[in-house]
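Per-chain residue numbering starts at 1, and chain names A, B, C, D and E are given in the order in which the chains are listed.
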Amino acid sequence: MSALVLSASAPRRLGALGTASLLLAPIALVNAIGFLWPVVNLLRMSFRESTATGALTDVFSLATWSATLQDSFTLDLIASSVGVSLFITLLTLLASYPIALYLHRSSGLWRTVLMVLVVAPLLTSAVVRTYGWIAILSDRGLVANALMALGMAEPPRLMFNLTGVIIGLTEILMPYMILALLSGFGRLDPRLEEAALTLGATPLKTFWRVVVPLTAPGMALGSLLCFVLAISSFVTPKLLGGGRVFLLATEIYDQAIVTLNWPLAAALSMIVLVVFGAALVLYSRALRHIA
Amino acid sequence: MIRAEPKEIQRMVQGHGFLSLRGLTRRYDHFTAVDDLNLDVARGELIAFLGPSGCGKTTSLRMIAGLVPSTSGHIVVDGKDLTGVPPYRRDMGLVFQSYALFPHMDILKNVAFGLDMRKVPKKVALERAREAIAMVRLSGREHHRPAQLSGGQQQRVALARALVVRPSILLLDEPLSNLDAQLRDEMRTEIRDIQKRLGITAIFVTHDQMEALTICDKVAVMNHGRLEQLGTPHEIYEHPRTAFVAGFVGRINRLAGRASGGIAQAAGITFSAPGFEGEVEVMVRPHRIGLQAGSAPADSSLHQLAGTVVRATFAGDILEYEVAAGGTVIKTEASTRGGEALLAPGTPVTLSWRPRDTFVYAAS
Amino acid sequence: ETNLTVMAYSGLFQERYTKAVIEPFMKAHPDIKVTYFPLPSSAAMLGNLRAQKAAPQADVVIMDVSVSKAGTDEGLYTKIDETNAPNVKDLYPNARIPDVAGVAVTFDNLVLLYNTEIVKEAPKSWMEMAKAPFKGKVVIPGVPDIQGLSLLLILDKANGGTDYLKSVDKGIAAMTEIAPNVQTWDPKPEVYAPIVTGQAALGAGWNARAQVNSDLSGGKLKATIPQEGTVFQINTINLVANAPAAEAAKTFVNYALGREAQKSFTETMFYAPTNAKADISAAALERTAVSHLDKVMPVDWIALAKVRDAIGEQWRRRVLPASR
Amino acid sequence: MDERPVSPALKIAAGAMFVFLLAPLLVIVPISFSGDAYMAFPPESWSVKWYGAIFANPAMMNAFWVSFALAVVVTLVSLAVGLPAAYALVRLKLPGAEILSNLFSAPLLLPTIVLGLAILLVFAPLGLLGTFQGLVAAHLVVTLPYAVRVLSTALANLPLPVEEAASTLGAKPLTVFFRVTLPMMRSGLVSTAALCFLVSFDEVVLSLFMTGPRLSTLPVAMYHHVEQQADPMAASISVLLVVLTLVVVVVVDRTVGLTRTFVK
Amino acid sequence: MIRAEPKEIQRMVQGHGFLSLRGLTRRYDHFTAVDDLNLDVARGELIAFLGPSGCGKTTSLRMIAGLVPSTSGHIVVDGKDLTGVPPYRRDMGLVFQSYALFPHMDILKNVAFGLDMRKVPKKVALERAREAIAMVRLSGREHHRPAQLSGGQQQRVALARALVVRPSILLLDEPLSNLDAQLRDEMRTEIRDIQKRLGITAIFVTHDQMEALTICDKVAVMNHGRLEQLGTPHEIYEHPRTAFVAGFVGRINRLAGRASGGIAQAAGITFSAPGFEGEVEVMVRPHRIGLQAGSAPADSSLHQLAGTVVRATFAGDILEYEVAAGGTVIKTEASTRGGEALLAPGTPVTLSWRPRDTFVYAAS
């Protein structure tokens, strides 16, 4: 309809398609140079061979791919990365929902300040944040001391293992989840909750039967985003995993930065892309189901 | 000696309606949205809340439903004070102006929701929901989503959803404001029938005078958060207690005048105005004014005024004239008979109306 | 004025190397302005060089010998010898590595680190890390980091291993004893900070940085070479092929290998010198591996590179599970 | 809008989750006032010396200004490139608009480490490594998807009749765009700018690949610093950044109403 | 021999109105929103487009303004075909239902915008904008933002903005639909005055019959994208050409019947129905039906029908009765005189109306 406003001006000279091409050219250029080309290049890289000493050669072969796909370690890696990421996504959702709902219901300067606090973790360096976690979670940390004060003889290990990674990732993904949830809370018309209340639904029932279904699209979006971010994060797993937690992204990091096996890093990256493709398909399925 | 039950005493003290509002007040910061509202509604009665935008109609309804706490005052239903009772225990049905249907449920689930909350067995609930849907003539649409229905249909679903739980009190907040004239007529009749049939006590909020007058047993006219007048439609229309009520309910001509010694002067005519002194407003409804071309024989039982036509408008059912007379412009209305010619602007005419159709108020 | 870019380790190394070598060099060669490009690891440096192969930005690179070998194989370097750096003639024989374009510029060795508030006396054995009181108090940068790898090789030999190119089973077995006590295999930042702060009690790290951290922390951290011995870590200096400032680069390399620079850097950071003629103070030498050469076990890092993946595999399968 | 009081249960749940969310930060604040040479909690001594150290560290200050300039340029370019793209996608009803818009969002879905490596390989031969232009280009890859998304939403929410009114009053298409569309999108533009600025200013991973010897950004400088030195300066910088953001956002919110539109 | 100018020939061929629509059609996919619309509007005339929601009123207006291209057909203004002329070169003013004021400009800038686009010097433009603002009685509000004005005030700004450029054609899309009854009355009169004074050709879109009848020179009644009838308000109301027009314009009673040999039977009464055969609908407007309690003397000049009151409603200006008669329910309306009593349900009554007030249509 509104195409008119613009296309009407240039019906003969360009046409709507021409105008669109002109407007889209810059972003297409950035996308091509900054995304498409690099990805294709990465795919190419995954077929290059490297020598035993780690030197990269100009020979192309399927060696990396066949080794990667036959290695049970890689398959475990994919399975555990997907599993851990799903679990973290769920935790993040549970932890973020009350905050998002509270933010949705607050207003004014208070809301502004809270919004900044929500994104504050993103502003702190990952290593610095890890120091925060050490003070809280380590064997001599605040939590352990509290548990011991409560009489627990040997508090559980809370960091430098999978538990630590899950705690740390959940926390750092919360800002993203909260923002996504908030964007989905638009459908949450307070009138609907009031309607449920006047129909005899208790606040808890209203929450389950009205609020939750209505915010489902926001939850789906946030979950997709968090899953993607979780499976591709490597800084936090490295810092809090104590070298014990292996995920696709940390492996990509090790191969790309430590071992310098770029073909393998590239192949693993391609696998991550495929997992994302699958997640996206599932997401749009879920969304269609919700809508 | 017969001892009155404590409950009865309470009822006697607190009011004689099934639903009683006692000094109901709501303040926002320093703005008073609803100001000391007192009202009694008998069981099975339908009261219309009528008033201009922002006068506090919605706020009153929301307080009654328990969605907004009152700043002070009490809501008493059947002798029980509802202060502190949450909305889901009030057994009221509220039909929102915006419908507020659950977008993620189909029509059947929407209507069955309230029964579900009351732990009615699923089968019975669906059965009764189907009946309610039939009652608002939407059978066959049970599995549509709200978004797939037209505004009028959604409106009816909202009504069915509120009615199916047989609430003791039904609150309707401008339930027809989004419909066109024809559908509005139909729905109005329908709501009235259902309410009568089920014997539900109801409050109907509207800012449309005609709607208020036709649907209810009594009209409560509100302005600036206060109750201006409570009465039957006839009382409100024929005996408006204030200038505001006279002007808001039905069309009206306003003539500025002065009163002294029980007599008011306006537009060159003398009106009886016992008890008024100083500036007054004299009001007459356009359709109570007779209009005659040329001059008319003097009739001391009528107020009469000579003037000239300024504008004549054919409005289908009625003819409207604007007549310059007595230094102002006076509107008149007459039913069309079909075939009559409009008087041209400039035609001299005589206006006449009965003293009993004249209202006098102190100027505000 | 020529701009010369030297790519090397970030952090302490950068700080000390700039003071001990680069600043004096610039004073001696006012026409050359040196920019220090710090990177956290040799691999990161190689990554950069690879990416910039067509148009290199760095002229001189200081990196670990095994990574240097990969770079040599990829044709990233120009060979360094007496012709382009006359000071090469003064180097120890083992500073020249066959099939590597660069030459050694520093030697370092693995040391056992301990927090002096928790561990009062210098531990005698690497296996101290397996003892019960240190549960959750041991930090070791694990394989693929060469600190972990070095430790593995030392323990292998100490437990009767003969040829680490064929099998490191004995070393792996010893590591599985230590593993349950390990707090993290990936200490950040580096291995020294957790020990200084007492978050950990024991660890494995490099001598040079350990010495500096010991000084900085007022002795909270100390380093020792246990009875099982240690291995050398070799940093090579390399000339980047097609470097923008090739001539200045040669001048710098020659200076870096010279007596003066070698002495100055060893005395500020306790890396063992590679120039045999450098005249280093006894106090400084005492804190380098030079005074403990008997404890140094020879390692052929180039040959080892070929079996690194296999070792990593065993590490992952046997050592890590023991540490969960 | 929602005038019902927030229920106590929600307050408690939200409060608890907030504590979790901010837990590391709550520990970092005291660490940033440590007088020790190492990050440790609780600090053994107190001082503000690490705040002073930030300003005395030329590399850090330099990196800050690079980051700042970079974020400004990236934000401006993102708007300049994203706005026409959003307009084309939302308003011109192209046949493949959906697919295109997904393609333009795709870089967001790539792990930044993968993206960084991939971009590194492509940019190096172009001589873009270690240059400001290269950094701008790399950051654009991640900021543009955000920009297009937010701007598209803002555009789609504009009341069309207002633009149509302008055209019936004789305004030519470009005039309509600059005199009517753009001013009405103000809050969308502010959100986009804020988002792009934050994303660019905080970006580490891509920058790690892109920075060179003569050019470093603040997050990269911090990353390198903290990789090897555990002094509390990094904590001080973190705290300073949060406080700075808070002040800026509150001021902006007071003046143009940022967060109302930030997430809608 | 006098040679006609080519332009004149064109005008003769293409129509005799200032604004002519020729076969104007708009299709969306397979849905036809506007179907072969033909219409001529004389210079200075005001035409009302009247029709139910979704009948294509807005679409027609948007095609005339050039905001939507037509699928086929032509829009001719003053002899010039506008096909392909973009909106900003059409010299029309469009007042949107939603006002569509520029939220980021103050009132003065809003109104001056069109002049600005026409390169009128700034001082002159502001001068004329001020005049236009005064014309809609908003002087003193020049520097308010739209959001600071009430709906009615915004409405007037929209009008001023469209009028200030003196467009040759003014298009108004339901400009009063958001206002309450009182303000609506006022604004209607105002628009009509301004349009007459400036001699602007105008189209006024509405779905309110009363509004359409009172404001315009001619009414175009639309249904399902087609023009049902074009005529003066009087023609439309008194001589509706189709059952749809009769039903849509004014309230009406529908009686189902059968016709044969020029005679129709419905509700037990015989009507003259020349030219009809088979099922017919007989229609009478409620307010043209006289109602008398008890039985009335037979009068062969009237249709008469005995019945009983089902429901009586007091609606202020009028009394409404629903009467069961002739096997159906018939509504009647009468002006209230004040003081009369409502007839109770069950009261026997006689209905009577003149044959000339009866419409007969083939049943659809």
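Definition applied: a residue touches a chain if its C-beta (ideal position, glycine included) is under 8 Å from a C-beta of that chain, and two chains touch if they have at least 3 such contacts.
The structure presented is a predicted model; accordingly, all values stated were derived computationally and were not measured.
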- Note on the structure: Overlap of the chain A and chain E neighbour lists contains B, D
- Relative to chain E, largest Cα-centroid distance belongs to chain C
- Message: I want to compare two interfaces, A-D and C-D. Which one has more contacting C-beta pairs?
- Response: A-D
- Query: Using the average of all C-alpha atoms in each chain as its centre, how far is it in Å between chain D and chain E?
  - Reply: 54
- Message: Centroid from C-alpha atoms only, then distance chain B to chain C, rounded to Å. What do you get?
- Response: 89
- Query: Rounded to the nearest whole Å, what is the centre-to-centre distance of chain C and chain E, using the mean of the C-alpha atoms as each centre?
  - Reply: 91
- Task: Give the residues of chain E that touch two or more other chains, as numbers and ranges in rising order.
- Result: 66-67, 86-87
- Task: At least two other chains touched by the same residue of chain A: list those residues.
- Result: 1, 8-9, 127, 130, 134, 194, 203, 256, 262
- Item | Residue list for chain D, restricted to those that touch at least two other chains | 3-4, 39-40, 121, 164, 167, 172, 226-227, 230
- Tell me, which parts of chain A touch chain B in their complex? 187, 189, 191-192, 194-203, 205-206, 209-210, 213-214, 216, 290
- Message: For the complex, give me every residue of chain C touching chain D.
- Response: 5, 7, 10-12, 35-38, 40, 47-48, 51-55, 57-58, 188-190, 193, 196-199, 216-217
- Query: What does chain D use to touch chain C in their complex?
  - Reply: 37-40, 120-121, 124-125, 127, 129-130, 212-214, 224-230
- Note on the structure: Interface with chain C, chain A side, in the complex: residues 51-56, 73, 127, 130, 134, 138-140, 157, 160-161, 238-239, 241-244, 246, 254, 256-260, 262
- Item | Contact set on chain B toward chain E in their complex | 52-53, 180-181, 185, 207-210, 213-214, 233-234, 237-238, 249-251, 285, 287-288, 313-317, 320, 333, 335-339, 354, 356-357
